[in-house]
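The same chain A turns up in both complexes below, where it pairs with chain B and then with chain C.
On to the complex of A and B.
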């Protein structure tokens, strides 16, 4: 193990890790927004849109991110939709994650007993008050473990971004192996960088799951 | 109507070649799935017993597999082993090893969970009726665990098929690589081929995975 070499390339990996973290976070936040909208459309049975959301969930969950990215990055420009690599990565992650997040939020909302909503309405709350103050907090507690699992899953999925020429951790490691044959050092840095991003996320997930296990009320 | 670059599919053997590429990807995932399911059942049954050392092995194995992206695991296997042991694993062999290691741990966990989900009273009642331990396991526990297990195992296979798309990045010539080759070869004649060909790949993956997802959902409903 050549520590001097590791010290020299450390900034490269730092930059790549920041790119992975930045694009991952942006994609995940967008995915969560898509998921909330999707779950809301399913819950209120919005005509037409509900069908579109269901179809979207199936398509996004039954195709690999890499194939989605190839289509967005190389396919869409041919019909005039051009994107830069970073935007493409974020959009791909949001497309994939949106489907998973919709499912997570939907199952959370469905898990709340309809009695809760009826009681809230009979107490004089309006539909939207009942949703925000009564249903959403309980649904959030049920959804949280699945949502956190999705967050970790999506952050790991960013590892294919190098395929659309984003200089992320995978790209940097492959590049260094190709240029200098520093296989052992590159792989160590690669694993270390991913651990630094993923371990805290995964621990947060475990912590939340423990905390929220008894959060449901009325049961 | 803009040029969607779909005509390139009907040129020569292009469409057949894409299907062959899909089969390469499916073959890798199906071989890995088969290994995972067999090894996972064994591991899960062993880990399901109380105070079993396999329980700790499974937990550690899962923790390691879960924290790293599949792509990193593929890299470690593909580049790492040649450096550490002097092996020269092909991309396909690396992929099968990584997916089997991943699948065995996941499958083991599913089996452990499914066996654990059968109420204790089932075992006790069977024993009270005079059945021997192997009989209890084969005739009482397994049939009930299997109902929970099969939908989850199908989901694991679906995930494996989707993950197999990564092997193009360690040099395996599968559907995405074939798609790239077709697009390159027809760059002049059909400049928009990238749209049509990647759309086709997208649809093919969907058609490969969707029936499995549907089957798993229906079985889950059916057995509830």
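On to the complex of A and C.
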């Protein structure tokens, strides 16, 4: 193991890790927003939108992220929309993750008894107030494990971003191996960087799950 | 004669092709307590849910102080605030403390000042003996305590009429009284109420008027005295007999 080499390329991996983290986080946050809207549309049975959401969930969950990225990266310019690689990565992750997040939130929302909503409505809350203040907090407790599993899963999926020439961790490691044949060092740095991003996320998930579990059960 | 707070005219309610309420008319006047009794499945809950516009209706109309309340109407949240509802299973919000449960609608929906509502809520909680439970979570309360909180929560919205749907049916017997006493207290203070119950001695004590609902209709409407001592219809007699026990010797 050449520690001097590792020391030299560390800043490079730091930059790549930041890119992975930044695009991953942006994509995941967007995915969560899409998921919330999707789940709300399914809950309220918005006639046409509901069909569209169901179809979207199936498409996004049953096609590989790589294929989705190619669609965005090579497809959008064909209809005149110019994009940069980072935008493609974020959009692709939001598209894929939106489907999974819709499912995660939907199951949480379904677990909340409809009488809870009626109780809120009978007090004079609007539908959206009832959703935000009554349904969502209880649904969140039920959805938390699935949502956090999705967060970790989506962060790992960023490893295919290199295919649309985003200079993320995978890209950097492949580059370094190709240029200098530093396979062992590169792999060590790659694994180390991913663990540094993902382990805290997993731990945060476990922590949140414990905290939220109280909110769900019992009337 | 005091004005009608609730006026139901020719109400028809169907679920698919099952008619649950058929051409039903009913008035509740200011300060009046009306009790609805009737066999299980005769549409008592459905009637209350229609008044709160939780159900759509297929005919007739429901007015609160002259204003129509409809499932698909405008200003629905505002109209619903005129109607307070207490459910059989309390339906407190489990993630909020007692005081947060009470403050939610007045603060978020009515935009009233938090401090002012809190003061009112604490006073009402004290009156029902739950002042020290203000910061407890619902799961830390007994059924009877939860139901008293639910009543305070409904009161704090300042509804014109309160609806009670078998609010003691889910309670252990020893907790029934503490809840019913609260409701009797409200009647004494002149609250306008429409109550569904299976507690006959409570019905007799609290009601200004008793209504027997059966076969989608109002079968009998009379003073409690008359209803319990001299029921007019055969169905009312049968219904009352179903609450009596007799041992043949």
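Brief remarks follow.
Please note the rule applied: the second predicted complex is superposed on the first by the 211 of 219 C-alpha atoms of A that agree within 3 Å, B and C clash if a C-alpha of one lies under 4 Å from a C-alpha of the other, contacts with A are read in each partner's own complex, and residues count from 1 in each chain.
FYI, a contact is a pair of C-beta atoms (placed from the backbone, for glycine too) under 8 Å apart; a residue touches a chain by one contact, two chains touch by 3 or more.
Not measured: the values here are computed from a predicted model.
Contacts of A:159 after superposition: chain B is touched, whereas chain C is not reached. Residue contacts after overlaying the shared chain place A:15 against neither chain B nor chain C.
When both complexes are overlaid on chain A, the residue A:138 reaches chain C alone and has no touch with chain B. Once chain A of one complex is fitted onto chain A of the other, the partner contacts of A:76 are limited to chain B, with no touch recorded for chain C. Legend: residue contacts after superposition of the two complexes on their common chain; A:123 is shown touching chain C, with no touch to chain B. When chain A is checked against chain B and against chain C, the one touching more of its residues turns out to be B. Once chain A of one complex is fitted onto chain A of the other, the partner contacts of A:50 are absent, as it touches neither chain B nor chain C. When the two structures are aligned on the shared chain, A:67 is found in touch with chain B, with no touch to chain C.
Taken together, the two structures place no residue of chain A in contact with chain B in one case and with chain C in the other. The touching residues of chain C, when paired with chain A in their complex, are 52, 54, 77-78, 80-81, 83-85, 87, 89-95, 104-105, 108-110, 138-139, 146, 153-154, 157.
Chain contact summary for the complex, chain B toward chain A: residues 2-5, 66-72, 75-76, 79-80, 82-84, 158, 162-166, 168-169, 176, 179, 183, 191-192, 194-195, 197-199, 201-202, 205-206, 209-210, 213.
Across the interface of their complex, chain C is touched by residues 115-116, 118-126, 129, 133-134, 137-138, 141, 215-219 of chain A.
Partner chain B is touched in their complex by these residues of chain A: 58-59, 61-64, 66-68, 70-71, 74-80, 156-160, 162-163, 170, 173-174, 177, 183-184, 186-187, 190-191, 194-195, 198-199, 202.
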